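In the part that follows, the structures are each spelled out as structure tokens.
Two complexes follow with subunit A in common, the first pairing it with subunit B and the second with subunit C.
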Partner chain A sequence: MVAAGLYLKRFYTVVRKEVLVLPSRIIVALFFIVLLGMPLISRNPYLIRVIVLTSIFAILAASWDLLSGFTGQMNFGHALFFGVGAYTSALLNIHLHLPPWGSVPLGAAAAVLTGLIVGIPCLRLKHTYLALTTMAFPIILMGIVFALPDVTGGELGISGLQRISNSLIGNYYIYIVIMLVLCTIMWKITDSHTGIIFHAIREDELAVKASGINTTRYKLLAFCLSGFFAGISGGLYAHYMRIAGPSTLEVSMSFSVVIWAVFGGMATIYGPVAAVFILFPLLEFVRFWPEYRTMIFAVVVLLILLYMPEGLIPWVRDKIEKGCPRCKIRNVATRKTCRVCTAGLD
Partner chain B sequence: MKILTLGWRLLLTLCIVMAMCLPAWGRTIKIGVIGPMNFVQGKSHWNGAVMAAEEINAKGGVQVGNEKMKIELVKADSNEFLNVTDATNAMERLMTQDKVDFVVGGFRTEAVLPMQDIAMDYKKIFIGCGAATKSLCDRVAENYNRYKYWFRGTPFNDNYLVRTSFSHLGAGAAVIKNELKVPVKCAIVAEKAAWTEGMVKVAEATIPKMGFELVGVWRPSAVATDVTAELSAIQKSGANLIFTLFSSSVGITFARQAGELKIPALQAGINVEAQKEGFWEATKGMGNYVYTSSTYIRGVEYSELTKPFVEGYFKRFGEVPTYTADTHTAIAEALVPSIEAVGSLDADKIVAYLENREYLVPSGKVKYEKDAQGRPTHDLTWGPGYLTGLAGQWQDGKFVGVWPYKWVAAPGAPEVTYKGMVPLKIPPWMKK
Partner chain C sequence: MNIIITGLITGSMLALLAISFSLIFGVARIVNIAHTAFYMVAAYCIFSLTGKFGLNPVAGMMIAVVVVTVLGLLAYKFLIDPIREHEAAVLIATIALAMIFQEAVMLIFTGDYRTVSALIEGYFIVTGVKVFYQQVLTFGVVLVILGILWVLLMKTKLGLAIRSTAEDREVANLMGMNDSRLAMITMGISVALAGFTGAVLAPLTVLSPYMWMEPLIMMMAVVVLGGLGSIKGSFVAAYILGFTEALVVFMIPKGAFLKGSVALSIMILVLLLRPEGLFGISFEEER
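Let's look at the complex of A and B:
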């Protein structure tokens, strides 16, 4: 009892001193609470479906940010990893009757392998050339899908996959928790030593090489990590939709990911996640005006990019918080002095 | 203050009017119409359903037991050509937000498969009006208790579609043999698209078995604006029959340029552009003698229901209905009589009644199939006396029905010719 009280006190202290001091942290905490508490407020299957699919795409968008936002390896064919994860999970589930807890990780492993296969030839390429080359890979895979209809189901895809859970709420919590955990892991990776090297490669690869760091290895690692997370989202998607089809490899899927990441703010992880949670439900919300759905979506994206070129979330964050010029710690925008080093903030 | 009072009075009046109107509306039968609403297929889904609802409501509605209920349509844009996820969300919305009683529509198989799953989760009858793949109905046979709420509305399945196309090809070849007394040399020209991949393979295997020489396969882009290279090669190959598989704008390009170059070959097969009223204008009349499969042609009658439907649709929407407009059939011929017969909206009762029905529709007669083991598939029966489809040909500016014309499906089977059919013609320049 006493131990529990101590833990509670410690938890309260952490919340008060680490979370409540910054608006962005409060927003993230609220995001976690709202998502985890949603079924207590509403069990509407449509709402739950939208949130589950949003979560799957949030993992995908964050995985793109890990590779292209942080490492600067501009990937315009991210649907490749998603599709490989989806198809591998589907094949394993349908033909080997592997349950989702086995097929999804193996699908992700296949996507890692794909990351290696794609990463190696792409290492010598940069900028536009890299973007165009990566764009070609899902198109090649789609060609293979259509060429081997007996294996891949061709145009129809592989359908009849097992659900992860047959319970609506069970499904919801599985997807939401996986999304929260994976996105937190990705965020922690970018905050780690490896993440700093990723960031440095994007800023100045030559300087990183000159520091004795094997950038080739790190770029390949970025491809594999990104492939892993995108592969998981592909597998989850296939099991949720109960089908893995050619649409998972479409160019529009790759571009959607880029739009989400750029809209939310690249090289942040939380930016693309937030963007998916804004844009995907927005598309659903404007169903009442079907003729103009896509146009409304495009206008919102354009306006944000026009007035917030760094992305929505960094813009919002800069409005509500400011960095200390001396210790770089972030403070709420209303403060006059830094909460750590007490340096003046204006 | 005075304005505010007036506002409140208006609001109160509105509430009273609404409250008075509600009982008059009564309960309605909510039918979800799902399809790619920004594309021609979805527009036809919607038009067909609107026409059916208007006709039924004008007659006072549907007699459900002792109650007369009107039909209320709910439009759902599946956006399935661009986004399969969107399609499933639209279906989920129909089920849980709009709480529809039945659903009709769907087009792209990759989207219809998960949409079918969602409808089955909620045990709602879903009549498919677009996707041809057989596997949708195989699911009914394999897991009847789950998938029994699925029925195929249109078209008949892909196996039958292929068979019909080869029947059209055979009819064209017969005319060439009879009139020119030469062996048939066939070229396959299929646009580069996923849907043609399987059909090209089947055609490559089947055409030699039909006794024709296969001279080659050409695959222009679906949006090609110049196909003279392909046409020259086809002419050099000596082909006198061209099996076309076009769903996109290349259908216009190919027909126009073939007409301009007077390629001595009959074009037969699928050319979706040629099914449209504007084809003659689009090809500047060069699409004369193009022969393509179709579902409805003005002046051709499968049954006594065809003319009222086709002419009514033409009058209402200014165009000949395409097959996705068979949402009309799904509502007016499949659902409504079944609801009235069982006197209830109970899906299980309707399924049990509908799957055993044989009924006339504007495109023939519907009978649901059973598989080799006698299990219901809810797939459509194809063949003489049931559904066969049509083929039309452009003859001097008019799209006329040419198949089935004295068609004998199998030795001993009755000859089939629908009312309004005319004989198929080969281009006169083939005779030189």
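Let's look at the complex of A and C:
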């Protein structure tokens, strides 16, 4: 009893001193609570479907950010990893009757392998060359998919996959928890030693090389990590839709990922996730004008970028918080002095 | 024979698109994804001008090119120029622009497939294969345009300015070139060329709101294969990829599905051997 009380007290202190002091942390905490408590408020299947799809794409957008946002290796063919993950888990599920908990990780493993295959040749290229070359890979795979309709189902794709869970709410919780856990892991990776090296490669690769760091190895690692997470999201998508079709490899898929990530703010992880949670439901709920849907999407993205070229989320964050000039710790924008070192802000 | 003709036409189209794409990339470092969308808009312009208003095809072509150029300049001035420092944002802006064009065309003309009547009807037969006059005309016009572009770039002062800015923006700026005005002019030329490609090619292809996707990929492949910013490279690479596509389509069963794959695989193979493309000069790293 006493121990539990102590833990509670400690938990309360942490929440009060670490979470409640910054609006961004409060928002993240609310986000977790709302997502986890969602089924208590509404069990509308349509709403749940939209949220599940949103979380699948949130993983995808965050994985793009891990590669392109952090290391600056612009990948325009991120649909490749998504498609490889989806097709591999679909093939394994249909032909070998592997349950989803086996086929999704194997799909992710296949995506990691693809990351290596793509990464090794592509890392000799830089900047725009890299961006334009990576764009080619999903199209090559798509050509192969169409050319082998016996294996891949051609235009129709592979359908009839097993669901992860048959109950609506169970499915919802599995997807939401996987999304939250994976995104937290990605955020932790970018916050770690490796993440700092990734970031340094983006800023100045030559300087990183000069510090005795094998940049090629780290860039390859970024490709593999990103491929892993994107592959998982591809597998999850295939099992949720119960179909893996060529639409997972389309150019527009690669473009959407880039749009989400840049719209939300690159090199943040939480930016792309937030962007998907804003843009995807927006696109779903603008149903009253189906023919204007894509148009509205494009115009919204264009207008936001005109005024916030850094992305939406960093812009918002800068408005509600500011960094201390002395100790670099972030504070609420309304404070006059830093909450740690009491130096005057602004 | 069929292979040669198809290869020549595809190659010429890719050459024009790729050269105009690399022009604006060289001068302003803008990766203009909407480039082929302008080509689509031009094709639809001609469709509506000649089909609905009954204009003479040549006049229709002229108006289409002008319309597209004005559209391109407006888009550059109001949407791209304000965010030019943020490379990623520019990229997304051009993607969004292409989507807007696609949707606008979709709304006005619906998603049906359309065709445009040829400038000159008729064909002649060489070794048993029909060669349409329109194809010969397209090829000839493309060559003339490429010649004019070459003269413009190599022999005039404007061309010198464009080439020097592409090589080193800062030094060109120090030598008194107006960077932003030059970018504007280059954008105009580049978009006009894209519109022109759409205009000459419209009678030979089927128009649909999604027609910008495929040439976009191939154009990028050409630009990368030939070396960014190298006009000679783009020219050679365009014909290499054009002929490869034609070969694959006519020689391999189910080739139509694989044409993109094979062409892009060639690009990747070449890049493995020469990371800077066939004729590219490896740019000194910009820091």
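Operating definition for what follows: the second predicted complex is superposed on the first by the 346 of 346 C-alpha atoms of A that agree within 3 Å, B and C clash if a C-alpha of one lies under 4 Å from a C-alpha of the other, contacts with A are read in each partner's own complex, and residues count from 1 in each chain.
In this text, contacts are C-beta pairs under 8 Å (C-beta built on N, C-alpha and C of every residue); 3 or more make two chains touch, one makes a residue touch a chain.
Keep in mind the model is a prediction, meaning the values are calculated, not measured.
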Quick one: is A:G212 in contact with subunit B, with subunit C, with both, or with neither? Answer first, second, both or neither.
neither
Does the superposition put A:P309 against subunit B (first), subunit C (second), both, or neither?
second
More residues of subunit A are touched by which chain, subunit B or subunit C?
C
Between subunit B (first) and subunit C (second), which does A:L283 come into contact with in this model arrangement: first, second, both, or neither?
first
Once the structures are superposed on A, label A:G5 by its partner contacts, choosing first (subunit B), second (subunit C), both or neither.
neither
Could you tell me if A:L125 is touching subunit B, subunit C, both of them or neither one (first, second, both, neither)?
second
Can A:E291 be said to touch subunit B (first), subunit C (second), both, or neither?
both
Considering only touches as defined above, state whether A:G37 meets subunit B (first), subunit C (second), both or neither.
neither
So in the superposed three-chain picture, is A:I243 touching just subunit B, just subunit C, both, or none of them (first/second/both/neither)?
first
Determine, under the contact definition given at the top, whether A:F146 touches first (subunit B), second (subunit C), both, or neither.
both
Check subunit A for residues that touch subunit B in one structure and subunit C in the other, and list them.
146, 252, 291
Of subunit A, residues touching subunit C in the complex:
74, 121, 124-126, 128-129, 131-133, 135-137, 139-144, 146-147, 204, 206, 251-252, 255, 258-259, 262-263, 266, 291-292, 294-295, 297-299, 301-302, 305-306, 309-310
Per the touch rule above, subunit A residues touching subunit B in the complex are 44-46, 49-50, 53, 146, 149, 154-157, 159-160, 241-243, 245-247, 252, 283-284, 287, 290-291, 293
Tell me, which parts of subunit C touch subunit A in their complex?
25, 31, 33, 79, 82-83, 85-86, 88-89, 91-93, 95-97, 99-100, 102-104, 106-107, 213, 216-217, 220-221, 223-224, 228, 254, 257-262, 264-265, 267-268, 271-272, 275-277, 285, 287
Listed in rising order, subunit B residues that touch subunit A in their complex are 37-38, 75, 77, 79, 82-86, 88-90, 92-93, 95-97, 109-111, 113-114, 117, 133, 135, 139, 194-195, 197-198
